[in-house]
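Read from first to last, the chains carry the letters A, B and C; within each, the first residue is number 1.
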Amino acid sequence: MTTDNITFGFFDEDAKKEIRRAMLKAVALPGYIVPFASREMPIARGWGTGGLQVTLSLITDKDQLKIIDQGCDGSVNAVNIRDFIVSVTGVEETTATPDATIIQTRHRVPEYPLSENQTLVYQVPYPEVLTTVEPDTARQKEMHANVDYAKLWVLLYEDTAQFGDSRISSRYPVVVNNHYVMDPSPIPKFDIPKLSDNPALQIFGAGREKRIYAIPPYTDVKPLKFSDREFAIEDFSGKACERCGSEDVFLDEVHLDDGVHFFCSDTYHCDTHLKEDRGAA
Amino acid sequence: MLLELKNVSKIFGSGCNNCLPETGEQADRAICPVCHSVVAVNDVSLKVKDKEILGVVGESGSGKSTLLQLIFQDQPVSEGTIFFNGIKDREGNNCNILELPPARKAWLRNHEMSMIYQNPHLGLNFNFSAGGNIAEKILGAGEKRYEVIRDQALYYFGKIEMPRSRIDDYPDNFSGGQQQRIQIAKALSSSPRLLLLDEPTTGLDVSVQARILDLIKALQYEMGFSMIVVSHDLGVINHLTDLTLVMKNGSLVEYGLTDQILEDPQHPYTQLLVSSKL
Amino acid sequence: MSAFNHRYKLKVEALGKSFTLHNRGGVRVQGFENVNFSLRCGELLALHGPSGAGKSSILKTIFRTYLADSGSIRFHRNNNPEVDLASCPESHVLDLRRREIGFVTQFLKILPRVSALDAVAYPLIEIGTDEEQAKEEARKMLTQLGIREELFKLSPLTFSGGEQQRVNIARGIIAPKELILLDEPTASLDQKSSEVVLRLLDQLKQRNIAMIAIFHDQRKIEQIADVAVAIGRNEI
C-alpha cells in the first residue's frame, strides 16, 4: 500500500477538526455523549471505527501508538488497525504500555498504570447507557439532563433482590464526575476502578452510533452502586497466569480439552512479567 | 392550600385568540370554529387543601383526564398557572410550577405527587418486577441504600395486601386488580402529598373495584394525602370524595360538596349526569 | 350585636329553597320559603308539619347538602368566628361536619362491608380517637341503644329497620358535636326503643348540645322539645 496520495492521518483537516471539536466538548462535559459525523472507514462499522477516527484525529508524527484488542497486541483486529494507522501516518508503533502516547483499546484497560502524557482511546459498541431501560432517545436526553437514573438503579435493585448482586459482568454503568452515568464500553468490572482519577485522558468513540464521550484526567468515576453495597470485581483468588504466574491481574479463562486454563489478558504485562521472572532467576 | 390552578387551559392544535371564548360550556363545543384546535381544558381554576379529596366528573372528552395530566405535567399547559404548597422561588414567593427548571419539576413529580392511571401499562413498567416498580419511585425520591429501598418496597407491598413472596414477580403475572394495587403501592411509596387517580377502577369487576376503593380510602385516611379522583362513575365519586367538580367541553360547570352535587345539582348538565346514574 | 349572637347557637333567617329542573323544561319546585327560627345551646328544636312541607329539606339545607336560594343560616361556633352555612366556602363546611355539626339521616347510608361496630366507631376515629378506645365507646353506645352484642360484627344492612335506625343514631351522635340534626330519629322504633332514644337526646341536651329534630308524633315533641316550629305546606 502506498501512502503518497493520502493526507497524514487519512482524514482531511476539516474532518479532523470536526472530530476534535466533538472531543473538546466531550472533555468539557465529562461523561456527556457528543454526536459527531462518523465517517466511512476502510474497515466495517462495528469493528472499531469510532476508536479509529478518534485516534486518527489526535495522532501526530511524534506519537507512539499501541493498539490492543482484549488486552492483546497481537490479535487480528489490533494488528489490522495498527497497520492501517501506521500506513497513513508513519508513526512509530509499540507494544510497551509505558512507551505509548496513544493507546487504542477494545474491552480492556492496560494493567500497567497510565500517565499524564497518554491518551486511552476506547472502541465503543453501545454508547448510550440508558438504552436498556429507555428506548426513546429524546427521553434518554431528558433523563441525562435531569440526572434521572432511577430506571438504571431499578435494574440494580432487581439483580440485588433476586441474585444478591448485580449480574452485569462487563459494561458496568459508571457515574462520571458525580453527574452523568456512562457506559464504559465492554471492559470487565476488574477495570472499572482504573477509570477513576486516572492521569491519562480517556476518550470513547462509537463509530456505528456516531458518538464520542470522554473522561478527562483525574476525574472521579464511580460504579453505580447502592451505598450499602460493596462493588465486587471479578474474583481470581487462588488462580494465576499459567504462563507468567501473575496473580493480581485480569485473567482470560481458556477452555481446552484437558480442562480450564488461565492466562493474562494483557499480553504486554504477561511478557514483561515473564522477563522479570527470568531476569530474577 | 396544597394545590391551586389559575385559569389553566390546554389547547391541542395551533390555537388562536378565538379558541377560549368560542369553546367551552357556553359555546357547547370543544373545537375552535376558527382554527379547529381542540380545547381540552378551558380556563379552569381550582384549589385543593391538605387532606381534601376532590372528584372530577364529566362525560368522555370533557377534559377531566387532561386536567390531571396537566397537574402531573404529563402534558405541557397552554395557558395559566399552577401553584403547589412549598414550591417557592429564590425570593421565597410562591412560584408557578410550570416555570420550574426540569430538574425541580422532576423532583416535584417524584416527591410530592403521584399518579394512578386507568391503564396499568401507563403507570407501571412491565419490564420491571412489582418490587422494581415500587423501588423506581423510592429511588426517584433520592434513596440510594438497597436495604432501605427493599424494606420500603416490602412495606408498601404489604400495605396493598399482597403476599411478600410475590414482590419479585413481573406485572404480567398479576391480575388487573392486582396491577392496580401495585400502581397504588408505587404511587404511595414516596409518601406524596397529592395523589392523582385517573379512573382507577374502571374496567375492573365490581367486587375488585370495591376492595380497591376501600383500600385507597383506608390508605388516604392513614397517610393523610390529598387526592384528585377523575371518574365518570358517580358511585366512585360518592364513595371516595368530599368535593366534586363537574366538567363539560373542557370548562368547569359546577363545584360543590359531593353530596350537594349529587342531591341538589344546580347546572343543567350536572342534573343530566346525576339523573343518568343507574 | 355580638352579645346578641352569643345567645344563639343557630339562627335561621328568611331561608328559602326551590329546585329548578332544567331537564324538565325548567320547572321550579318550591321546597320551603321564608323559614325563620333560632336555637340555643342545650336546646332541642322540633320541626313538624305535613309530609312534603320541606322539613327534611330544611335540615339538608342547614347541612349544606342543599344550597339555599335565599336567607342565612348563622352558626355560632364556640371558639371560632360565626359562619353562614348558606354561603361559607365548601372546605369550611367539611371541617364543621367533621367536628361540630352532625346529621342523623332518616335512613342508614353505609357500605355493606362495614360492621356495625366499625360504622359507629368511625366518626370518633376520624377525629383522631385511638381505635381501641373508639370501639369501646361504640360498644357502650350500641349497648345503651339496645343492640345485642352478637350483631356488632355484622353489617347493619342485615338488621331490622329499628335496629338500623339505632345504629344510625349511634353513628350520628357518638362524636362530640355542637349541633346535631336528626331526621325522624324515632320513626321506625317501637315504644321502648323510642324512649331509649329520647333519653339519649335528653343527655345530649344536658351536655349543652343544640339539636334540630323532625318528629311526627306530637307527644314526643311535648316530651323532649324546647321549641317547636311548624312548617306549613307552601303555596306558590
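Operating definition for what follows: a residue touches a chain if its C-beta (ideal position, glycine included) is under 8 Å from a C-beta of that chain, and two chains touch if they have at least 3 such contacts.
Every value quoted in this text rests on a predicted model; they were computed, and no experiment measured them.
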- Measuring centre to centre with C-alpha atoms, which chain is farthest from chain B? A
- Min distance from chain CA centroid to global CA centroid: chain B
- Query: Roughly how many whole angstrom separate the Cα centroids of chain A and chain B?
  - Reply: 46
- chain A and chain C: spacing of chain centres that average the CA atoms, whole Å: 78
- Task: Report the inter-chain centroid distance for chain B and chain C in whole angstrom, where each centroid is the mean of the CA atoms.
- Result: 34
- Task: Send over the residues of chain A in touch with two or more other chains.
- Result: none
- Touching chain B in the complex, chain C uses residues 19-23, 60, 64-67, 90-91, 93-94, 111, 113, 126
- Task: Quick one: which bits of chain A touch chain B in the complex? Just the residue numbers, please.
- Result: 133, 142, 145-148, 150-151, 153-155, 157-158, 160-162, 226-229
- Item | Sites on chain B touched by chain C in the complex | 49, 52, 210, 214, 221, 239, 242-243, 255-257, 259-260, 263-264, 266-268, 271-272, 275
- Message: Considering only the defined contacts, which chain B positions touch chain A in the complex?
- Response: 102-103, 106, 110, 125, 127-129, 131-133, 135-137, 139-140, 144-150, 167-168
